[in-house]
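Take a look at the structures below.
Each of the two complexes below includes subunit A, the first together with subunit B, the second together with subunit C.
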Partner chain A sequence: MKRHSWMRKQQWAGYAFILPNMVGILLFFIIPALFSFGLMFTNYQFANPNVSFTGLDNLKRMFQDDQFYRAIKHTGIFLLSVPVSLVLAFLVALVLNRSVYLKGLLRGMFFLPYISSGVAVAFVWMLLFQPSHGPINEALRWIGIASPPGWFADSDTAMYAIDIVQVWFMLGYNMIIYLAALQEVSAEQMEAATIDGAGKGTITWKIVWPLVSPTTFLLLVTGLIMTMKSFAIIQAITQGGPSGSTTILSLYVYKTAFSYYEMGYASTVSWFLFAVILVITIVQWIGQKRWVHY
Partner chain B sequence: MNPTAGLSKSRLLVTVLMLVAGAFMIVPFLWMISTSFQSASEVFSRWLPSKLDWSNHKRIWTGNYNFVPYYMNSLKVSLISTAGAVFLSAFAAYGFARVEFKGRNTLFLVYLSMMMIPPQVIFVPKFIMFNWMNIYNTHWALILPGMFSIFGVFMLRQFFMGVPREITESAFLDGAGHFKIFFRLILPLAKPALATFAIIDFSWHWNDYENALVFLTSPKLYTIPLGLQNFILENNVDYNGMMAASSAAIVPMIAIFLLGQKYIIQGIASSAVKG
Partner chain C sequence: MRKSKWWMASMSVVLTAGLLAGCGSNGDAKEGGASSPSGSSESSGNSGSSGSKTKLTLWGAVPAEAGPQAVIDAWNSENPDIEVEYLRYVNDDGGNLKLDTALMTGQDADLFISYSLTRLQKRVDAGVALDLSAKADYDIDAQMGPDAALWKIDGKYYGMPTKKNMSFIWLNKQMLDDAGLPVPPLDWTWDDLKAYAVKLKKDNVYGLLQHDSSYTATLDGTIAGLGDTNAEGKSNFNNELWKSHLQTLHDMMFVDKSTPEYGEQLTSKMPVDTMFLKGEAAMLSAGEFIFRNANNLAEFPHDFQIAFATVPRVTADQKDFKYPGGLGDALSVNAKSKNQDAAWKFAKWYADGGMLPMASGGRLPSSKSVSSDEAIKLLLQGVENMYDVDSLNKVVFGSFESFQLSIPQQVIDARKEEYEKYFLNKQDLDTTLANMAKRHEEFIK
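Our next item is the complex of A and B:
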């Protein structure tokens, strides 16, 4: 094949195109990652010149660290926001896809939170959830709930209040992707089901939901990973408090490194975070082969 | 029998219900804007200001807390990062998509695997390296890494692979090289994809809080998210000012969204469904 052999001669062009980008990826991703892996086995503390290799001490410390286990628990509660926002997004997309006017406007309304600045949004929610005078608790009192929750101010409810903000934030993103997936579900499949006498609910749960299952799976996996990595909203609203009740793993890494300057130990915890992401990714690879059928 | 009339009634009902649900989604924004125009005595006591009070907005733009420098810093960081990321990603994406060379697939796998590394893993080494490189606590600590986007390479590669071979084939036969084809044929064709990536990347830099938090310490270098945080730490009962400042951070993104809605939504949809 002529084109093929000609393209082979241009191999150098491939390297030339990738080189500028590769330099940056090497410098800002790969080298730091390797560096961080090394730090895991040291007691490196910022501004302390005495660094020594401590072997697996950091790992041992991690598995005996109560705060680490608490952070895992908080991360688990934080991750609840992923399936909740998925189900809501699916329902919204389903309705927007078929049976409304003003589709563009509605889509925009649901999507708006996702593109707005997380920190600015966090401060708005902070005031909305303000326990004594905030509009949410005022509304709750108005409908007869005498002592509404303290939300971010109460260590029992803070993590769940964060979940509400996170669901609100992610809903639009998931909805957009569901809308795209629903477009691929053919009208014929729907029609055939209707002719067979299936009701609306049956069509939705027996036909449409399975057909978009690859999308659900993808959104679940990417959502879990994205949520695990992000701490901006939490840092802005509660800084991990009250009394550590919203310190998720990623925030715990940040605090260990930049508030307590225990950078070696922080690296160890950050690699635990990576290990969890790796496991989820591997499950995705295996699952894709098994469940996703195009 | 008139199915359309009956249908439109139920449609109307569903639309109204969805508008109510949608209103719940945007109520925080409306409340923010409303509060930003209220006087201090009105906060939490009413939904709409009794009269438009501009003093909160004036205060954050001209008072002790001057958002102008934060804005300039954010614009500088976001624009340079985005421009660099679009160009460098397009370049690499073309290499991955349209040139056959040894080790290409391995290299691409390395790129993809870097997507799994959480930013928390590389914060500490970057902090140390940036100190060595003398760019810690400068805008370059945000701009330089910001110019390299794995997501951008991934998304644009997807697009370039979709450009039909026939379009570039005849140019090859006429003796054009890859560079000529990239600049003359592929880039013009890819304008919508480049715009999509540019908007998404810009919004990411504009809203980026974590990197700024780790790598900037001087208030005069702060970008909007840090400026906002600083304002709130020092004025934590000035609720009207807080909401005026939050509006200032959010409104540009809303404007960009309204202008580029089509690109943003298509881009997000295609990057995930086909990814």
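Our next item is the complex of A and C:
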């Protein structure tokens, strides 16, 4: 009995400690989120007091909106950057996990993009990808490609160019997490495999890769969620252009809400985005049994 | 165990909610308590009998050091009872959102300047712009001239257009002289400009550069004459004049190579004004705001004279072409402000000469109460020899039939996406025009 009341007291203290944070989450996240759910069914224009309920009009509009479907396609291309970045990060981590010269320096260099400002990163890549005299295209011309791609200046390649930037941006973070996971892989297992005659490739893909699968799962889930929500790099480099070719779903929401002030419609699209993220995450959660080995 | 956890969780939510409610009511009480004394001070400020100060906030997009600070410093020393503070917002989506939020939530924004009719329209819809035509002591039509009427919304003024808007072609007179070309006549066309650009281009010197803000000047001036839609309510975007103009620009990019390719300009974020002042282009299509840099010989040194030409029309026989220009900088009083009388007093003072310190940056007052000689003197102070006087007088200080663009942002963006596809060679010209019209119609439907 006595012990019970003591526990209770402690619990209250715990709740008191998390209270400030909870208030913040409630005020700035949960309440606005619920509010935006309500906005879905209105024609609310930002700052405009004339609001009326329009039922499912916004949903109807969304499913007839060419730009919405275009944004979904672009989001899909953008998401390709996640698995590519994961595999590359794994390989880099493997190399850096062995004894190579200047390990610390290299690790720092790979991680550097992650802590740099997005806008600075954007400007660097704009210079690199400059179509007529940027270093990348100069190099391509030098090795004999007469008409290299226009990268950000071409609506067919812009989204893939953005992918490259995103892969580079995420690489360092993913690599650090993989490095930590690789420390956990026991040397005995690898030694045993070597004695059994397994080659380097076999060890890497049949033993190490499965052993770090929980890390891969974590990075995949968080990476997909983050990538779907983020558009800072795109906004800094192309603002969704040229001719809308890099407008992903989250940027489309931003434009609809803060450029056109169509809050009702923007809420609808953002709840769709939320539903997609939720479904993808659930599918991954269920699917993990097949390939994640704890 | 599970049950008790659930109970705890819901309990904590209730608790937080309770605390929140407490916070809320507490906040209200505080606000209520504070508002009564401040309210009384405001009323006394309005009556002007007591010595307490009224504080006003003016929102504008010009950097404070480029004139606004001097303007409000002058006001504050003349009017000790009404203190004005200038708050700069950046005139982009983010900046306008900030201003609209401030206006909507009743934060300190008693006066604000809108830079386009579409933005002002949104503020009128939101009910935050005071109807200034109802004021008996100031006749905007008479003071600002006939161009002011383009800023009317539903027949009323919700902002007073305080400055002359101007957009024209800046010419490097030295390069014109070297090429043996005269300053072009006022009624020149895009074909003429195209021919000029070919003759003027050299290695590392473009014939023509266009500033973002002037990129669609000819498209806009043309549609302003034609009207957005025809008699049947169909979009007028699919018109021959636009077709001809877009074709000309495309030829200049890819055939003549006298102007940068669109993708190139877009991705390298060309600083076109700096390039022109450095002598890397012979002609620049841009607004009067370039004066700010062109007059600054310390940071933008150049030794050539600058001459001016109008934005060309598409064809010589184009009848109803309207020139980009007219009036701009619409100053509004917040309809939710508690100090509307003081704000209105400031607005009149600002329009009728208070804004003069901004003339040196190219913002010439539109009110007839301001002597234009004085404004021009301020504009050209110390740089009189840097401009070709004849074309300056004819073009910059000339008067042309103008327009205010009232096409919604969604339609402007859709139009841009389509002409971008044409300039990036992803779509032919006929499809481009058809798509522009189609997307315009989808929006107005």
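As a working rule, the second predicted complex is superposed on the first by the 275 of 294 C-alpha atoms of A that agree within 3 Å, B and C clash if a C-alpha of one lies under 4 Å from a C-alpha of the other, contacts with A are read in each partner's own complex, and residues count from 1 in each chain.
Simple rule for what comes next: a contact is a pair of C-beta atoms (placed from the backbone, for glycine too) under 8 Å apart; a residue touches a chain by one contact, two chains touch by 3 or more.
Just so you know, these numbers come straight off a predicted model, no measurement behind them.
By the touch criterion stated above, A:222 is placed in contact with subunit B alone, subunit C being left untouched. In the overlay built on the shared chain, the residue A:259 is in contact with subunit C alone; subunit B does not reach it. Contact with subunit B, but none with subunit C, is seen for A:99 once the two complexes are overlaid on the shared chain. Residue contacts after overlaying the shared chain place A:211 against neither subunit B nor subunit C.
When the shared chain is aligned, subunit C comes close enough to touch A:242, but subunit B does not.
Residue contacts after overlaying the shared chain place A:15 against subunit B and subunit C alike.
Of the two partner chains placed by superposition, subunit B and subunit C are both touched by A:130. Once the two structures are superposed, subunit B and subunit C can be ranked by residues of subunit A touched, with B on top. Comparing the two complexes, residues 11, 15, 22, 46, 130, 258 of subunit A contact subunit B in one case and subunit C in the other. Contact residues on subunit A toward subunit C in their complex (touch as defined above): 11, 15, 19, 22-23, 26-27, 45-50, 126, 129-132, 150-156, 241-244, 255, 258-261.
Per the touch definition, subunit C reaches subunit A in the complex via residues 8, 12, 15-17, 19-20, 23, 93-94, 97, 100-101, 103-104, 122-123, 125-128, 262-264, 266-269, 409-410, 413, 416-418, 420-421, 424, 426.
Those residues of subunit A that touch subunit B in the shared complex are 3-4, 6-8, 10-18, 20-22, 24-25, 28-33, 35-36, 39, 46, 92, 95-96, 99-102, 104-113, 115-121, 123-125, 127-128, 130, 133-135, 138, 168, 171-173, 176-177, 179-181, 184, 215, 218-219, 222, 225, 228-232, 235-236, 250, 253-254, 257-258, 263, 266-267, 270-271, 273-274, 277-278, 281. Here subunit B touches subunit A in the complex through residues 10-12, 14-15, 18-19, 21-23, 25-26, 28-29, 31-32, 35, 43-44, 88-89, 91-92, 94-96, 99-102, 104, 107, 110-111, 114, 116-129, 144-145, 147-148, 150, 153, 169, 172, 177-179, 182, 203, 206-207, 209-210, 213-214, 224-225, 228-229, 232, 239, 242-243, 245-247, 249-250, 253-254, 256-258, 261, 264-265, 268-270, 272-273, 275, going by the rule given at the top.
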